[in-house]
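Inspection log for the structure reproduced underneath, given as structure tokens.
Going by the order they are written in, the chains are A, B, C and D; count residues from 1 in each one.
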């Protein structure tokens, strides 16, 4: 998808919009060729004057006109160099193959988009941590299988969002760091043109470009696959946050409000637009991952098909991740939280959610079956007569007989049934993550 | 992916390049609004003058500046109309919702790209049929599980390519025709703004746009899902042709040659570039299909997430299909075929591929076990001494005893062991397909 | 996934549990071989006595012991036949290849599971139609992007479920019918063993098995791909119904209740277990579709890899569909609907959902901008003071001045703002579908 | 897919066949409950006698009869315990939720299948290393985009297989190690039943089970997603090896032979059956990964849909990986290599593959354009007259004039144009990997 196309408008973000622009792609390809010429000149493989003829900034302007990939790029570059320095033109792309420049350029683009994503993740992370800390003791319903469960705090829920996103980002950041690896193997991965000098040139080239040195990985695409997979896992985490916010902001729930998108026809509408974008991203990314993985069985020394599928898949994965990330950073920064509504929704369950608590207090005293009979009786009475479960239990003769009054009185106080919520919350927001 | 981005250069084609351009998208959105105003004016719902103020050509020029989807589009359009006819501005987008214009625009884009794809398929189809007819009696090895099998003709192989592509195209063409359906439901799918007039306006709108009339399909995305799936199946068929051509054009096989791409470093190279593009498309499309299908469980009356994922997936599916199609149309048109090499490769098997024939001639005469013993003996002798299987069989005492000499003499003539190859070939190339 | 494994317990249903059991697979393979022997005997190709030796019922019992696919199957079958009729053993599998029996067996299994699925779909369909008819005038909130929109009826919502499922089933039923096609091509797709008799034998074989006659489709997998894709689209529709029910049955919404699953620890729980199973199916199926499509570029006359992936994918697609279908048939049959709660949730929006209506009544009278000013003023007043939007509008001086009193009085009556809900509902439940 | 079903016979292996059997699943669930009871008894939370009543071995036998997951499992287990020790029955599953036992059981199953996979990988790794070392100086054609490129050694090719597989395995092994994490959060992730004791019980439970301690990860599924993705990447690497072997073992190439599968009709056949299984696995796994990732946006504290999809996807991912791994371990162990044929195929290119070498020798001497003119002339002459490229170049007046005779004489000796092949090979086979 493209940064600039209406049809893909929801599948990118302002921040990553230019990460894979033609300018960015050409610059990365040039950076490879310039660095290669420099290190080869230094090694005495090509004349020093050859390297002097390369100037990324001025050449890029010309080269952008031949808008296409490695082969036309090298041809255009050679023509441009020849105009400046005929003798240098013979040394352009010396010893490299088209996949060397294309793969290294892709890796450079990933290295350059990493801090952009990191900055957005830091925004998201800060707002989630703030939400968690602010609402450390804001009590709300836990919900499992879309039904009321035992109570939690909104601080804990936001901490789970925080740490799930942090784990996802750490995985992606590490995959991006691991993939920042030069590609340099020449025609069939032996650097035959360079005689014995290949490995040293490769190391110097990596150093010049600020990348890890590496053996050629022409058909070992696992590093890129790990990046694309990590995009899928991270965006899934962002989708989890978005799903929760769409649920919590339903009018009947009303526990949070997301700064909203309007409607083309309904003036009253406040739609969770950011969440819709993040969920759209989480819907599409798994398939993009599959499309990358399907290309892994690459033929012989360099492939026909699987490799040619990669640029589109990698850029789509990163841009879709960027779309979800920007949307959720903005959504969580502006999220309004309504503690009163959280408490009201909890209270509206009539205390049935404390049935578990009653069971576990009663089981040691009367055994499993009797405990269940008492609790079921109180649940039944609560449903039938409209009193709360707590009230029904307190009125139950068997419960009153075995449970201490002090326990029975407080059995439906959510404050008393939070278990390790705050302990877990603090550990979650303190879990380490990559920058 | 974008028509105009280097990073997606291999994922589109000249023909479909502009199918989802901003101009095309805006024009389709405008066409919806213009048609809506016209039919509503005709129905007396809005004043006639309102419709007169719309002029797709001139408005599009202005509207393109607010490069974004339904809501800003409607806002920009309203402002533009107001400048010409203030009283008309109140009637823009009357009774429609943003999804109505977005969905109908998408469907119009699909209707407009259909003949572009049809023309490319016709080119492919014609060249495959020509290859099949020309080589109706060009004998070659059949190959199963990548190993030599009994003989076929290249005419039959090309006919299988032809009919597999024809089936795929017919499926896609029908899915596109079925999906050419107006979307018009208003805010929640009831067309409440239009009172009782909704269905009639909807029918007139469909007629005006040249689309099928339909009940609203705000959350019934099966029609689009069928288009995207059919892209996957069709591109899989194109990938099959591409895979076969890459295999047949290996230097050791040499039975065909594809007009090739060069190398940035190896002057002797002639790479099957078109096949690589088609295989890349067949690698990526299954994931794009999955990304669309994953969005099908759409919430309530209009969704938050699944729907917002669709534009990118549908355009990617069509463009990727277009990339594969253009590549294979060009590749098959220029394909060189080498019948002598086909015959030489068949002969190089030493006739082992006729072992099946011998078995089935011998089984009725001597039983399964004896037949197998004779044939295995001849295979063994052929491998050991380098004589052909036919020669070894003719020298085998038991074979000569039971098989008529005429049969034994001709047992390794491929011309005599083609079964229904020509019958099947003719039926395959005569199978009907959509235009 | 397996019918009988705990690990896959949620990915199948009682009804489809045995569709791909070893018994079913072996029986289908035997049916192919028996039918082949019969038609070849009738054609004089093999002795009549050969066919007599085949008895599916008794042979199946023996053959099941060699639990594996075509080749060991044919070997085991041959041994079994030999024991009964040594001279017949030579004619087992005459002229066929292993893929012929495997593909035809798969197609027979699909033909046999079709009525099982059809019966489940009929159950689902009947309960959805009943829900729709019963609640034709049960008014509820429409909801778009997970926020309140203009009113609909539950009858319309159920009708959308009905028709989305009907379209999905019709697509799947037709794909299953189209795929019910015999595979018979022999070693390399030419039926060389049968000389000229191949096509006639193929037609008779199809007739004997109750399948469509066909040219060999060894590498044209589009028919099966269409089945698998249609499973994905249909299950997506079932997932849409499940998603809606999980949302409507949230305790804060409370508009429906699904017969629930319990909890291992919380006695009060009533979980929408059927919906969770259907949503799980809709989560997994898109990837299964992608896995099938990725195998389409099959090499030469019969493939090494893509084809071998199919049995698992096709059976997983059908079983997963069956899991979702059984879950939603049961869920919708037992669904409780609470019209009062629907009305209460609608009323709780304070009438803001009628802002659209006010806009469209006011726009022709005072123009777009003035209309928006009046409506925004009333929305603001409603939010600030807690009166309903209708009351605020009625108190607004400009609204009272331009809108007739009768209109203004009824502006927030949902009964008056249903547009074509009932017209659409009736058309949706009357749309034709496959049996 | 199932270990024991014919329909899934190609999607598993003997080694992983029982990894997810009912016995294994029930044992893992029991291990969780037994460990929980033990640590809770030790902590004084439940009576010591309760723990004594659990005996995994004898209980498992009974429990297997209620073949289903957490809830019926806990019910069956409770009944079993009650029969032995009524007072203990009340303490079964104390404080845990059904997802705690299901997730922990899954993680235990993964921990148990890890050494099985490790042993198979070690077999594969050893045979690849042996192939590489044995053929360190076996020269063969490099092939890029399915066409001849500059020479490599078979040792280098096998080393690339080795290291690609090693990287894939290391990634999977680390993901499995990271995922070996207990799940223990109780109903809503707060361990409310346990008061303050939750975290300590959780740590002791992890220790008892030999798992990492962890905060609850009820909706943070990234660890499992990383396992499934790593299966996809590793199996893609295995598919790469399989693809190469199917290509090298084509009869026209004949450079290796894979121990083969037979044919049901063609006695001469030797099919690369193991490669077909591995390629089938690599075809299906990307979709399985997508199906897992699509479930990541899990609702609230525990999900309805995404979570329920996981058991089938995780077991399918591991079993499919196991199928590919077993197939390729066996295939590479028995691989026959034919160095003479490798040399013959290289020679059959007529030396055109040395055109790159000539270019790079000539460029510094005569400039890019003149170098290209000389080389193109020699390629042309070679194609036209059938002499080798080397001979044509030696006969070319300009080449002879500028290139030293010693260089020109040896220009088409592949031994002299291997660049860093051996250096790279040694580094590749010495790269570290997980055990």
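Everything below uses one rule, namely that contacts are C-beta pairs under 8 Å (C-beta built on N, C-alpha and C of every residue); 3 or more make two chains touch, one makes a residue touch a chain.
Model, not experiment: these values are computed from the prediction.
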item	value
Partner chains shared by chain B and chain D (touch criterion as defined above)	A, C
Of B-C and A-C, pair with higher C-beta contact tally	B-C
Centroid distance [mean C-alpha coordinates] between chain C and chain A, Å	31
Centre distance in Å when chain B and chain C are each reduced to the mean of their C-alpha atoms	24
In chain D, residues with contacts to at least two other chains	95, 97, 143-146, 149-150, 186-187, 193, 239, 242-243, 246-247, 261, 263, 265-266, 271-272, 276, 279, 282-283, 285-287, 289-292, 294, 303-304, 356
Residues of chain C touching chain D in the complex	1-2, 4-11, 20-22, 25-26, 67-71, 74, 93, 95-98, 101, 186-187, 193, 239, 242-243, 246, 261-266, 271-272, 275-292, 294-295, 303-309, 311-313, 315-316
Complex contact set, residues of chain A against chain C	143-150, 246-247, 249-253, 260-261, 263, 265-273, 276, 286-287, 290, 294, 345, 348-349, 352-353, 355-356, 359, 372, 375-376, 379, 389
Partner chain A, residues of chain D touching it in the complex	46, 78, 82, 86-87, 89-92, 94-95, 97, 142-146, 149-152, 156-157, 160, 163-164, 167-168, 171, 186-196, 198-199, 215-216, 219-223, 225-226, 229-230, 232-233, 235-237, 239-240, 242-244, 247, 279, 282-283, 285-287, 289-294, 296-304, 356-357, 360, 363-364, 367-368, 371, 417-421, 423-424, 427-428, 431
